[in-house]
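Presented sequentially are two complexes of chain A, the first with chain B as partner and the second with chain C.
What follows is the complex of A and B.
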């Protein structure tokens, strides 16, 4: 949240790479206001699928169109199995799965799993101008960042599905009053 | 398709109301069957038998509309796949099974009327499956992803819809059959008795529906008030407080569509209660059955309108909140 400038380059890169129809955006950048004057702050959240530990989309899907990979926890949606009931668009609190009326199925961010398998980064991470997006293991994130939290302004309660996304709050301005994980200092720092 | 129809999930409105009405109607007929177990009554049996004629159409219409909102309805059968964790899958299993059992129960009434014991066994099984199907249907909406639905009042509202619509539909069929398919004089006492029972059922249904609706309105108003508190209004909520944002959105939708709420209150709760009172009063005064039957037919139409409005509003309040 410190680094994101809300340029939506990540959105565009994702849409371009997957050739999505205009109304579908797997990654969305939203802007929120937090705090009180004179310390009020405008923050931008670039979000796609949170690849939850307990994915509500997968649990509720009647046709088993969702799978969660054991090796990295990515939640993958199979459009060929989907019947377009749109129940996952209700069960996901974060509004991640989106219905495409043209195709008659839902689609969502699959974490660029094919690129991950090739040792590449997801397109959004690769395209980010400011380095605001990173991808990796959740526990490693906690070590790399000074303040890594599961909650962010406007972001639906992550405890519902144990979202895997982590946020680094801006160093200036109002700070989160709980769930702050301060990483232990690394050797030599 | 008009946008408001899409927002109101018209296909799910029809699916849920018709299937709930079907389960409600089935239970009325099953109870009628059991009440005459010790002292068989050919007239009552004739009415019950005619009453079963609405079960298959009600369930079939409901199930048909369950597929019309699908992006790929040709693969609807795949929804049976995930019964181990998906309430939606369990719901479809439940109503598919209910439909099959209802067809069997109806067949037994029309083609093997002498086999009452078998019919009642099938009936009990069908009734239980119907209740489980409705419970699964309610559980579909007990999801944290849609906080405005994720409330116990959904149990009361969905259950009461079946309790009101089903018996009213059966009563309307009885009214139609009396004088046309069953002799006026010999059927009169049975129809009068059915009206007394209908009155009690409608009163119970209206009371449950009213409590459920008040509970839901209070839940939405309280959540919205917390979200719109001047101390936090205009700022992004964090963590569990974001749920209140969702409720505030639902409350705003409710206020925007207040006309639907009034229809729900007036026609969905008021009319069944008023109809119950009128039936009681008219029978006490010894009024003619034709007037009562006309009131039941009009009541069914008005209640159906109120239920449609209420259910559409229910879906409309379940807006995305992020």
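What follows is the complex of A and C.
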């Protein structure tokens, strides 16, 4: 959140790569601001699927259109199995699955799993201009210099579904009060 | 802020609420859209064509992905020194502008009040017939051409040659006048010739970067991404000077929210601190500049306390900024339109050059006085005579330069015009009846020039208005007698030049729609029909470039060692490239020799002129204009992209919450902005990024054209209009 400048390149790169209809946004960049001129703070939050440990979308799906991969935990939605009942759009606390009326099915960020399998980064991470987005295993995340937390402004209580998204708050302004180090402590330190 | 804001409130900001505070798009996202097809439906291109981005002056290297004959994707060129594979959102979606339904496919001529499709022969016969008529009856000065910063270098060159050596009219200007004219004149006055001195690589080298009058995060996102990375990885310190808060100000170590239009006073005060606190590099100043004694005396009165009164920021912050900038070994200044588009634009440019010259921070890695350009080939237009110069940075008013050009072109030097009126003067001359024909190429003056109603009066009065553009719906075509469909950047070949003097190549990737032709072909055809064919003995842009190289040999922008093949192989070349061995020149003036007669740079002692308009009881708001990251200029390209329109769909005005309260308006309400020049309607976006008493309207939207309100006043040196400060009143619609 410190590095994000709200340029929406992540959203554009994702959307352009997967040829989504204009109204579907797998990744969304939200902006919010606090304070008053000239010390106001405007920060951005780039959010997509949180690939939860305990995905609510999956629980709500009557046709098992969702799978959670064993090897990396990505939650993948299969539009060919989807019947468009939209239960998942209700059960997901983050509003991630979106109904595409044209196709009659739900559509959701798949974490670019095909690209991951090829050893590439997701499109959003690859296209980020400032290095604000990173991707990796939750417990050995690349953002080692910064303390990161599971909560962010406007982000629903992450404990419900154990969201896998981690945030590093902006350096200016209020700070999270229970910071956790994601990088495991090295032995002997 | 921190006083009123704790962690709990920060967290409680719900996304629904924040969307209404922060995002222009969310408030209006009620339109319905047709779904574009299955998703995910990735289309993998089967080949990629090397090219250059057609949006801003950052000049990213791109590759156009083709599936069959269609462009289906655009990606950044990996390893390209500017963007190394990255692109901004506009750049990513750019391929969608190629197949927009309103691309011009046939020439049109106005018959009985309506535009009707005709053959190229009919359209150009109508155009050149009228031009010949006017030439015979009223002489060359009755003809004018207003162009752009978005053609290829070769197109600017042939256009300049046709207008000046062929038709012989002085009336040739570009929309670069709206954009970089103050930077051009600023360079000329300080360094003896035009041309930005630094390189983008200075961003990574600098210890301190001062960004002024530039919302770089939105308008040059690729460059700002490099700044953010440098800050995160190397601890680069940032100074931001801007009356409006942006992402640049958020990341700044020192943020100076000065009163609109007071830049020069601030820069003088910073120079005052450098002088008083012994931060001047006397060795450099004595050896390579002139005017120091006079400047030192002049700066006496510009104390930080004085500047604090004028600029509305604390004196100690001004001193702190000067110290941070001055004490660093390597510091870099970057600025754009907030500085240039002002009656003090040229002088403020010289103010930055003063700061850097005083410290000898020119021509060294990490040090530069860097004016960023706004258009992909604005630099090319400046370099080869597309607007207010002769090729090779030769000055219009310089008789010796005109003789050199005449000799190279094989024409009588007396034929070459010795003046070059600005577009605002051209518009006035049309209203006075002196200019009767205007040829508009790849720009949209009805939406972009100040004081729209005045521009309408001029366009209505023309006996011949030719609009040459890729889109037949371009607003200015409303008044056209002839419309000529032109190609877009992806459909032609040529060279573009970015802010760091990097020349890069356009290669034709897709076929133009219908009968659209490249601007190069159209200009040559017009030239032949007017009887000036012998001036243009070439068939391709590459042949034209050989002649251009000849024009620049020995000049500051020497392209002698450049070929199309070398540009592609070396992923762009920064001029001067004096021979085939040269790898280009990242920084100008590294040897301390400037392009003035005596080789010394000039330090200018300057006082600002008053703003043309300030708010009063009648018109209480200061109106600022600019761009948003989702759109470009008058939106003729970006508003064809649904994805971008969804993010920012229409005209809006940014208001401070306090002013919104006073006016009794809420987020998303429609308001009327007016002043004696005109009025517009737009939606309200409430944000604390804007100062109380100020408002901001982006320039992209023809349903709320902010140029209906902008003031008709120009910088006295550069003739660049003052777009950033005017007075308006606002009421609920």
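Assume the second predicted complex is superposed on the first by the 168 of 189 C-alpha atoms of A that agree within 3 Å, B and C clash if a C-alpha of one lies under 4 Å from a C-alpha of the other, contacts with A are read in each partner's own complex, and residues count from 1 in each chain.
Please note the rule applied: a contact is a pair of C-beta atoms (placed from the backbone, for glycine too) under 8 Å apart; a residue touches a chain by one contact, two chains touch by 3 or more.
In this text the structure is predicted, and so the values were computed from the model without any measurement.
Applying the stated contact rule after C-alpha superposition, one finds that A:172 touches chain C and leaves chain B untouched. Shared-chain residue A:127: touches chain C; no touch with chain B. By the touch criterion stated above, A:33 is placed in contact with chain B and with chain C alike.
Of the two partner chains placed around the shared chain by superposition, chain B and chain C are both touched by A:103.
In the superposition on chain A, A:135 contacts neither chain B nor chain C. Contacts of A:63 after superposition: chain B is touched, whereas chain C is not reached.
When the shared chain is aligned, chain C comes close enough to touch A:21, but chain B does not.
Shared-chain residue A:9: touches chain C; no touch with chain B. Judged by the document's definition of touching, chain A residues 30, 32-36, 100-101, 103, 151-155, 176 lie at the interface with chain B and also at the interface with chain C.
For chain B in complex with chain A, the touching residues are 69-73, 75-76, 78-82, 85-89, 92, 140, 143-146, 234-240, 242-243, 245-246, 318, 320-322.
By the touch rule above, chain A contacts chain C in their complex via residues 2-3, 5-9, 11-13, 15-24, 30-43, 45, 79, 100-103, 107, 110, 127, 129-131, 151-155, 170, 172-177. Interface residues of chain C facing chain A in the complex, by the touch rule stated above, are 1-2, 4-7, 9-15, 17-19, 21-23, 33-43, 73, 86-89, 92-93, 217-218, 221-222, 224-225, 228-229, 232, 245, 247, 249-251, 255, 257, 629-630, 642-643, 645-647, 656-657, 687-692. Of all the residues in chain A, the ones that touch chain B in their complex are 30, 32-36, 56, 59-64, 81-87, 89-95, 99-101, 103-106, 151-161, 176, 179.
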